[in-house]
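Next come the structures, one after another.
Presented sequentially are two complexes of subunit A, the first with subunit B as partner and the second with subunit C.
Here is the complex of A and B:
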């Protein structure tokens, strides 16, 4: 694994490598070479199984982190190719031509995070939330509790417990109340 | 042959020729095609998912999968809660085998917080036992369920009864029948109750009988054989192209099993070889699952024989209300009854996860693969094809 990543570091401008386990490494590359590296890994290095594609919202840095997780069935190793894109007008080159299931991930990311993948089939079709007009629902700044408070009617007679407070009473009844209240609103 | 003898041709041949191209150029106003919505009211045992079909006569010319009917935003909810509060939510992401979610989320948090080496031996064996019991109850529903899609309902009734016996064992082990919350960070919640092994052995003996009876009922049945053979064929070339995993891949000869390829817990101490077949059709996939049924029963017996009688079941963990996990990310996978089931987990040093993303096999099987496999199929076989891919909608829309 280390040899492979060292070999690719210069050509693909790999800037950050984390060996999470002996069989799992995450590498960070610039946006422009991410699809090239994924293609290289698939075509020449045996990473033929596309495990998943994911996105993490680093709202504090104004970035989305895209992840392409690939698996090599022969060496039984995984490489996660990460790249960061701007949150504003988020757009990424499509990888739908590499594996048949990639367009589904891209369609979901368009809906859930608002990241566009120009050219990806059916990328503008609804995935799980039909007729959604709010902010993309998986962004960190989408407040689920506020949305449900504004959208749905409260049920009279229903008692609600703060989950953290309930757990504290149940699990640690003798613990003094020093912990700050968990903010589930965010 | 029979048609020639009776002197008539099938009606299908009198319909307009199948000229539609796969794509958006199907003109419904030409009256050659019809659109049918299948679902979302539990089509077969897959449930909560709709398939939009364009048909010409009985033949499907285009299909689209629609999900979102039970979207509750599990991943988003977990991101807004403490690590331990994510457990009750995570198990709902797959109703068919909820224990797999427990294992994934527990292992992710353990790996990122450095407690993965602290999990006691006894807990690892008990985790394996609960995962194999979950696989067994899933197969008891899944194998006869495939017969059910071809109107072979008797096996389903046998299977559901036996599955209930396994749920009884789950109830005495964990206190719950479906959502167990048994695997927790650092270990498991309890030891085996007294007499558990004996009662489990009684159930396994009943399941041994069922395995023989279901073989005669399904695989010696000419209707099942005639309809399932050659239907929805998956070739080895399609496996990587579509991201096919589990029994769907093994049914066409691609031997991939996370338990063998990336042994976790104590699977390397168990004696088993994942079954495969070569045809890649529904019959082959069901045959592989039937063999897995035998294998799972055997694995449970091996686990119960090899596991220690006593031991710690949980590592000393931090106070869950103040548990902060350093910044990091990981991907953990296991072999569920439907194939590779994984979780991508990101932490940012706070008391809550930054991102939790489930990788369920249905995400690829029920969308990209299903939509292509349905083209050219008879409309009466659509349920069978969906069930043969072991579609589980909750893991698609998380």
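Here is the complex of A and C:
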């Protein structure tokens, strides 16, 4: 695993390597070479199985982080290829030509985060929600509580309790709060 | 599947994708539901509009109860044969299999499952209801013959339950369709569901199972609430 990543580091400008387990490593590469690295891993290094693709919203940095997780069935190892893209007008090169299941992942990301993958088949169709007109619902600046309150007629008089505190009051009303519990509360 | 077949299929899907991009800009109506001209077997050209041709153009009407004893007898008969639609809309539908099987056995109370809305008069909304499912629920509910009853199962249908802050699930079911009996809990056990059926029977026998009429009376209000959250309204307004 280490040899493989060291071999690829120079060509693909790999910047940040995390060896999570002996059989699992994550690498971060610039946006432009991510698909090339995924193609290289698939065609020459035996990472022929596409496990999944996901996205993390780094709203403070104004970035989306995309992750392509690949599996090598012969050596039983996994590599995650991470890349950062801009949050404004998010767009990424499509990988639909490598595996057909990437279509579905990209369709999901288009709906949930609003990341465009030009050329990806059926990328504009509904994935989970139908007729959604608001901001993509998995972005961190979408306030789901506020949206629900304004849209779905909340029932007046509904009370919400913190489960841990409520159970402690109900089950152990006389027990003093220990230092450990206080830490947990914070 | 040969490679050629696969490629054909891929090409077909690509074309569909392109067509869809053009569609979504205009309306949410599906291609098969669009107004168009078709050629009949005898060569004449007919205009069809599937959404409006095959469904009623009239609002639902209130049905007045029969007089005195007859209505009482009818209500007794209705209460003793509740036919439930087998449509699980959320997590709570997992409570229905034990209810049908010998341990709880709802058949002994005259309650049974039916496979189609045309044959059923009770509908269990089981658990959380997403907007996507609500659309199907409305279509199904409107196709059921009157008098019809709704049992709302679980706290999600009452006030949103643990999904009260979700962007995709509704909070109050009674804003969209009228509810006869609420069964609280998360999840209610099958006994609670049986108790709900007993309550429903009581209501029907007292002549209070008139929610289908309430739906007809406040039809515009219910429709407005439904359309407020179902943004891609691509079905007829009156589904019967």
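In this section, the second predicted complex is superposed on the first by the 157 of 186 C-alpha atoms of A that agree within 3 Å, B and C clash if a C-alpha of one lies under 4 Å from a C-alpha of the other, contacts with A are read in each partner's own complex, and residues count from 1 in each chain.
The rule we apply is simple: a residue touches a chain if its C-beta (ideal position, glycine included) is under 8 Å from a C-beta of that chain, and two chains touch if they have at least 3 such contacts.
Bear in mind the structure is a predicted one, so any value in this text is a computation, not a measurement.
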Touching A:171 in the superposition: subunit B (first), subunit C (second), both, neither? first
For A:52, select first, second, both or neither according to whether it touches subunit B, subunit C, the two together, or no partner. first
Would you check which partner chain A:152 touches, where first means subunit B only, second means subunit C only, and both and neither mean what they say? second
Applying the touch criterion given at the start, work out whether A:80 contacts subunit B, subunit C, both or neither, answering first, second, both or neither. first
Using the superposition on chain A described above, determine whether A:137 touches subunit B (first), subunit C (second), both, or neither. both
In the superposed model, does subunit B or subunit C contact more residues of subunit A? B
Output check: A:124 vs subunit B and subunit C. Expected answer is one of first, second, both, neither. What do you get? second
Scan A:23 for contacts with subunit B and subunit C and give back first, second, both or neither. first
Using the superposition on A, tell me which residues of subunit A are in contact with subunit B and, in the other complex, with subunit C. 100, 128-130, 137, 142, 144-145
How about subunit B: which of its residues touch subunit A in the complex? 67-68, 71, 73, 75-77, 80-82, 84-85, 111, 240-243, 256, 261-262, 319-322, 328-331, 333, 340, 342, 344, 346, 351, 354-355, 357, 359, 363-364, 367-369, 372, 397
Subunit C touches which residues of subunit A in the complex? 100, 121-125, 128-134, 137, 142, 144-145, 147-149, 151-155, 158, 160
Seen from subunit A, its contact residues with subunit B in the complex are 18, 20-21, 23-24, 26, 48-52, 54-57, 67, 69, 73, 76, 78, 80, 99-101, 103-104, 126-130, 137-138, 142, 144-145, 163-164, 167-168, 171-172, 175, 179, 182, 184, 186
For subunit C, which residues are in contact with subunit A within the complex? 10, 13-14, 16-17, 20-21, 24, 28, 131-132, 135, 158-160, 164-172, 175, 225, 228-233
